[in-house]
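Below are structures written as structure tokens.
Here subunit A shows up in two complexes: once beside subunit B, once beside subunit C.
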Partner chain A sequence: MAAIYSLYIINKSGGLIFYKDYGSAGRMDTNDSLRVASLWHSMHAISQQLSPTTGCSGIELLEADTFDLHCFQSLTGTKFFVVCEPGTHHMESLLKYIYELYTDYVLKNPFYEMEMPIRCELFDINLSQAVQKDRVALLGR
Partner chain B sequence: MIGVGKIKQYSNVLDKPLSKGKQEVSLSAFAFLFSELVQYNQTQVDNIAELERRLEDAGYAVGARVLELLCHREKGNRRETRLLGILSFVHSTVWKVLFGKVADSLEKGTEHEDEYMISEKELLVNRFISIPKDMGTFNCGAFVAGIVRGVLDSAGFPAVVTAHFVPVEGQQRPRTTILIKFAEEVLRREARLG
Partner chain C sequence: MQFFGGSEISPSPPAPTVSGNNAHMMYVFNRNGVCLLYREWNRPLHTLSAQQDHKLMFGLLFSLKSLTAKMDPTSAEKGNLGVPQLPGQGCSFHSFRTNTYKLSFMESPSGIKIILVTHPRTGDLRESLKYIYNLYVEYVVKNPLYNPGTPIRCELFNTTLDQYVRSIA
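Coming up: the complex of A and B.
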């Protein structure tokens, strides 16, 4: 059973620029994934405004009965979030690692246009390596 | 004077040994700069062959300078005059200074006498670059091919140098091969020298 269900990257205006499905549970079609992405973008922004604490940076973890949603927002407003099995550990470090891969293999690629969907072979290769289960366990150590 | 006898005093600046220079630069800084170089050149051209040529020209200027510097720094102001000598100079000395390691392999072409290949499993300039499908066989290694051409040409070995992706069995990523095709006169001279 896969611990991670899916991974999303959304740009600073809420557009989905990367989506990947892992495992069989909760598979979505393109329209649904786009909807989740923009919904999350708005919810994240609203949560920031509603938060009673000052300097809140938005939701980091959403816990539901059937899944957990971990979100990481970079300084430039790009959001990375994974939907995973409830109680999965080390997702923060995985998201940070994915951010690292994004800065290396997407931002340093001269053929990538900012804010556009990510189509980089090297990013895909390194990402699938990172998401492999043992890698997740390794990051937690 | 403090330090006399310990540090040799040179009266003439030309007697000083040339400094080794700073050996390491940030890979990120280089990657961003190279990425910008490619992006800028992309705006100036309307086909891929032209982009390849511009990158090669940018590398050529680097190669010519690197030869000058390394002949002075490493070889006591002498340069290689033989074919195999200059090839191993490129493969080891030049590669080490530019990329921190010697190139993975240097081979002679099997089909043609005048062809040599320098292969690299993962070329430094290509480390972060994924070529989009619609660009076909374009390889940013054209920049490195230009460097090699710059070195060879300035050392008196005119050649045509190109960069190619070569798939490797059992590997997800192809390696990059720098193909060197020497001009006829180089081979004639080489044969005369015996």
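Coming up: the complex of A and C.
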């Protein structure tokens, strides 16, 4: 059983720039993943409008019946979100670490064009290592 | 999908999770998206008119439900994104949290949606929402003067609800 089901990264206008599946049943095709990502972008924006107090920065955790969705928004508006098993801990730190990897291996890559889909081998390698490590840490508990 | 055992009000309400007055507001929608009830306890920020606010809230819940139904990682049969789902069909959600509030959501088999917005650090309110649903059944549905599908105007329901919400959040 996987602790993390999938990871999405969307740019500041809601376009999907990275999607990785770690073993969910019936994985989504490309079109559906794009739709889901932009839908999440708008739900995130609407949730800020409905806040009863000022200073709302959007949904951080969505608890569904069969999964949890943790979302982290960077200062520039790029959103990172993971779909994981209900009740999984330390997802905030994992998302921050993924953000670190993104700044190191994607943004510092001279061939990467901003807001475009991420195709960086080093990012892929380091990301799968991070997720693997996270899974081992979860199993060790 | 959970079913609600009988229409009896459970003898004792579920234990409070946080003490103090932390509830912001509450919505009740029917299956057609009509806002049956809106209660506000502590809401300093109003960005929209009341009607627009209700519409936006219903739209958010509807779309989040289709999102969770499509994302469900445990089932392979998910259908297309955006296809309307019957209550209890597909993977739904029970709460989401932002840095300023937590929204708890419950849908009954007949499509009544109960939404409670509280402080972000409130615990699990699923049992409390079930209890509020029982209050709705007791004080609204069983009221002979109440016309289904119209906004709720039952004094007894409002006072009991206020009292109960103050005790849980």
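Criterion: the second predicted complex is superposed on the first by the 131 of 141 C-alpha atoms of A that agree within 3 Å, B and C clash if a C-alpha of one lies under 4 Å from a C-alpha of the other, contacts with A are read in each partner's own complex, and residues count from 1 in each chain.
Following the convention adopted for this analysis, a residue touches a chain if its C-beta (ideal position, glycine included) is under 8 Å from a C-beta of that chain, and two chains touch if they have at least 3 such contacts.
Please read these numbers as outputs of a predicted model, since none were measured by experiment.
Greater residue coverage of subunit A by touch, when subunit B is weighed against subunit C, goes to C.
Touch criterion met: A:Gly55 reaches subunit C, while subunit B stays clear of it.
By the document's definition of touching, of the two partners only subunit C reaches A:Leu39; subunit B does not. Touch criterion not met for A:Tyr19: it reaches neither subunit B nor subunit C. Applying the stated contact rule after C-alpha superposition, one finds that A:Phe72 touches neither subunit B nor subunit C.
Legend: residue contacts after superposition of the two complexes on their common chain; A:Tyr97 is shown touching neither subunit B nor subunit C. When both complexes are overlaid on chain A, the residue A:Phe81 reaches neither subunit B nor subunit C.
By the touch criterion stated above, A:Glu121 is placed in contact with subunit B alone, subunit C being left untouched. Note: no residue of subunit A belongs to the subunit B contact set and to the subunit C contact set alike, using the contact criterion stated above. In the complex of the two chains, the subunit C residues touching subunit A come out as 24-25, 42-45, 47-48, 53, 56-57, 59-60, 63-64, 66-68, 70-78, 81, 91-101, 103, 117.
By the touch rule above, subunit A contacts subunit B in their complex via residues 104-105, 108-111, 119-123, 125.
Interface residues of subunit A, counted against subunit C in their complex, comprise 5-6, 24-26, 28, 32, 35-36, 39-40, 42-43, 46-67, 69, 83.
On the subunit B side of its complex with subunit A, the touching residues are 28, 31-32, 34-39, 42, 128-132, 135, 140, 172-173.
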